C-alpha cells in the first residue's frame, strides 16, 4: 500500500514551524505560490524567518503578507522589490536581502535535495555575486563554486496530488516547486485537488511522494495575476 | 535614428531558422512581432516554457501560465513546461541559440551592466547573470545613450557588472556594432545617422571601416 | 542458524512504518515477502520506480517495467516513475530511510567491500557506491563466513572498498551485530547458535555484553 | 510554429557519426535502449568508439552487437559483463572499461547537459573510484569532485515523441534517457510513436525538444526482456 502523507488541514501541515527557521517557498512572482501555507504563517505570527523564494510577492499578497508583519529577517531571492514595504524594510536595514542569480537559486535548491553539497557554474563570475567564492577554470572558462541551500521547511503548491504525496504541476506554476520539494527537511505540499493514491498516472508524476512529508487539500485559492496582458480579438 | 520597435525589427533580422530564443523584457519582447517570413524560431521563457505564444485574448488569461515578465501568455502547439532547474539547464548548457536583453552599459570588451545602480533600490538580477554567463550568442538591445545623453557604450563599465566579456553584438537606435578584441566594430548605421554622430555617442573604442553601410529596415 | 529467507525475515523486523526502502539483489530481495503486519513501507528501485510491487503474473510481463536486478516487476497504486538522476537524487539526498545490501566483507569500522575481487572478472559497482555513501541507515545481509569458512566480519577489509564507515548493522546466519566505534557489538544470536560460535566466526573486534539474547524469528 | 526535428529514418538520423567518437546510449539493461540506432551503428561498422551507457547489453542484443564487431574501444558504465564477448575483450585488454558509480554516471550526464562542469558527491570516497580526484569536506563529510561527461552524439529511445522533439518515456524505460538527451552535442531520439506537434500535453513532456536535434519513428522494436520473472496466478 502506498504511504499516506495526508494531513487534515494547513494548521496540521505547519506543525513544528518556529521563529528563526529557514523556509523555501515555491512560485514565480505570484504564480504557483503556496497561498495556504503563507496565510497560516501570517496567522501564527512567527518571526525572524529566512525565506528562500525567487520573488517576494506584492504588498498585499504572497510573501508581501509576511513582510507586512515584519516576520521575515532575510530574503534569498533573484528578483524582489515589487512592493513598497519590501523596499522600505530593505533600505532601512530591517530586512537583509541576498540576491542570487535565478539559475543558481534553482540549482542550489536541487543540489540540496540531491545530496550535492556544491557545484560549479559560470553565472556571476566577475560580478559581486562571485565575491568570496572560489573561482576555477574548466575548459578555459571561469566558474564559481556555489553551495547547496538548507531549509527546515519547504512549502510548495501543486495542481494535483495524491495521498502518497505524488504531485503534478500545471503549466508555468511548476517553476521552483519541484526543486524546493526535494530540498526541505520537511516538505509541505498544498494542492488544488487531492486524489487517492493510484488515481494519477505513474508516468506523469512531476514530484514523487518520497520528497513530500505532508500533503493537504488547499482552500480558497485566489491565484492572483500580477500582470494581466491580453490582445484584442481580431 | 531608430525607435524601439525598429531596434527590435533590426534584431529580428539576425534570427535564424530553427533557433531557440530567450527574449528579455523591454525592447527584446518586441522582437516576437517581427519574425521574418520563412524563419521559424521557438521562444523560451526562463520561468518554464518553450513554445511561448502571444498574449491571450481578454478573458482567456490563465494565472498558471505567465512569462518571466509575469505577463499572462499562451502556449503554441508543441510547447512544453518545465521547472526552473531544467530551464536554467537549457540556458547554462547552451541549448538556447540566442539571448537578447537590454543593458545600462556595455564595455568594448563585451562586459555588460544591467542589474544594479548603487544607492538606488536594487531589484535583483533575475535570470540575467545565468543568461549572459552561458549564452553563446548575446545581442544587447538598447538606446545608444542614456537620458542625460551620455554614451552607454563604454571603455569600461562604471556600474556593477552582470557578466564579463559576453556581449557579441549591440543594436541601438544609432547603429549595429560587434564586440571584437579591439573594441566595438561599427557594422551598420541607422538610416540618416552619420558615422560622426555614432562616433560622438560612443565612449568605448570604435573601429570604423570605410563605407559603413546603412541598415536595411 | 538462519537460512537466507530467515535472515531476510529478521531484517524485515527492522522496518518502520512509513519508510522508503531500497533492497539490493540476493537476500535483501527476500525481505519484501516478510513485511510485518501493520507496517507500511514503499520500495524504491534505483532504475526508476517508487512503489514497486510483486512480480507480474505469467504473460503480463512488461519489457518497460523492470527493477534494478533487471527482473520484470509490477507497480502498486501510488507508484511513480522517474529518471536515473532523480533516482540518485533521492538516494544521495537521503530521502530513502533504509538500504539493505549484501557484502563480501564488512570491517568493524563500518567499511564495506562488495563489488570487486582482484584478478576476477569485475562487473561493476552499479548503484552500490552511491547507496552506501549516502544512506543514513544501511543494513548488510550476508552469511557470516565465506565458502571457505573464513570470516566476512573483519578487522579490516582485504577487498577493494565500496564505501567507508557506512554500515550500521549486519544480520547474518549467526547473529545481529551493530557497528560501534569499538567494533562489532553482538546484539542477538541466531536460535541455537552460541556466543562462542559467533566469536570463532568473527575476525573483527567483537563486543559481547552479558546475556546476548536469542533472535525472535 | 514548433520547430521540426523529424528525419526520415535511422540512416538520416545517424548522419555524421564517425570512428573514434564518444556516444551516450540510454537504457538500463535492455530496457529503454535505442535499438534502431544501435543496429545502424553496427551496419555502418564505425570503430574506436567510446560508449557511455549504464550497461553493455548481452551477447546478441543491445551494445553486445557493437562489441561483437569490435567497434567499441572504451566503455564507461556502472555495471557490465552480462555477456561473454565483453568479458573476453576486457580480460584480453582489447576493451578499456571505466566503471563509474551509477548515481555519478547519471549526474555527470545531467551536468554535461546543464552546463555544470563539475560537482561534489560522497559516492566513491575512500574507494578506487576516488583515485586522482579532489577530495573536499562539506559539513564534516568527505566528497569527491566529479566532472561532466562530453558526448558527440546521444542516442535515446522514447515511448512517444512529437515532431518538435518533445519526448515521453514509459515506466522504467525512462532511466538514463532524459539526462543523456540533455548531454549530446547531437541528440538523436527514436520513438515508438511519432505524433504531430501539439498532440502531446505540454504538462506531460519528460524531455523538451530543445534537447533533441533529430527524431525519427523507430521500427521493429524487439524490446527483449533480460530476466522474465513472474509469480503464479493464485
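Every chain is named by a letter (A, B, C and D) in the order it is written, and numbering of its residues begins at 1.
Just so we're on the same page, a contact is a pair of C-beta atoms (placed from the backbone, for glycine too) under 8 Å apart; a residue touches a chain by one contact, two chains touch by 3 or more.
These numbers come from a predicted model, not from an experiment.
Visitor: Which chains sit in contact with both members of the pair subunit A and subunit C?
Guide: D
Visitor: Listed by label, which chains are in contact with subunit A and with subunit B?
Guide: D
Visitor: Taking each chain's centre as the mean of its C-alpha atoms, give the chain farthest from subunit D.
Guide: B
Visitor: Given the two chain pairs C-D and B-D, which is bridged by the higher number of C-beta pairs in contact?
Guide: C-D
Visitor: Taking A-C as the reference interface, identify its repeat among C-D, B-D or A-B, namely the pair sharing over half of the contact pairs by residue number.
Guide: So the equivalent interface, with over half the same contact pairs, is B-D.
Visitor: Taking the mean of the C-alpha atoms as each chain's centre, how many Å separate subunit A from subunit D?
Guide: Chain centres of subunit A and subunit D, defined by C-alpha means, are spaced 32 Å apart.
Visitor: In whole angstrom, how far does the Cα centroid of subunit C sit from the Cα centroid of subunit D?
Guide: Distance between chain centres, rounded to whole Å: 28 Å.
Visitor: What is the distance in Å between the mean C-alpha positions of subunit B and subunit D?
Guide: Taking the average C-alpha coordinate of subunit B and of subunit D, the gap between them is 36 Å.
Visitor: I'd like to verify one number: the distance from the centre of subunit B to the centre of subunit C, where each centre is the average of its C-alpha atoms, in whole angstrom.
Guide: Measuring from centre to centre gives 55 Å for this pair.
Visitor: Quick check: what residues of subunit D touch more than one other chain, meaning two or more?
Guide: Where subunit D meets two or more other chains at a single residue, that happens at 107, 110, 114-116, 121-122, 169-171, 202-203.
Visitor: What positions in subunit B touch 2 or more of the other chains?
Guide: Within subunit B, the residues that touch at least two other chains are 49, 75, 81-82, 85, 88, 91-92, 134.
Visitor: Chain contact graph: line, ring, star, complete or other?
Guide: Graph shape, chains as nodes and touching pairs as edges: none of the named types, so other.
Visitor: What is the complete set of touching chain pairs?
Guide: Every pair of chains in contact is listed here: A-B, A-C, A-D, B-D, C-D.
Visitor: In their shared complex, at which residues does subunit D touch subunit B?
Guide: 1-4, 110, 112-116, 162-164, 166, 182, 196-198, 202-203, 205, 208-211
Visitor: What residues of subunit A sit close enough to touch subunit B in their complex?
Guide: 28-32, 54, 77-82, 87, 90-91, 97, 99, 101-107, 109-110, 121-129, 159, 169-179, 206, 223-233
Visitor: Can you tell me which positions in subunit B touch subunit D when the two form their complex?
Guide: Interface residues on subunit B, with respect to subunit D: 18, 20, 40-42, 44, 49-51, 75-82, 85-86, 88-96, 134.
Visitor: Write out the stretch or stretches of subunit D touching subunit A in their complex.
Guide: 107, 111, 114-122, 136, 138-139, 141, 143, 147, 168-171, 202-204
Visitor: Tell me, which parts of subunit C touch subunit D in their complex?
Guide: Its residues touching subunit D are 45-49, 54-73, 75, 81-85, 87-88, 91-92, 111, 121-130, 133-134, 160-164.
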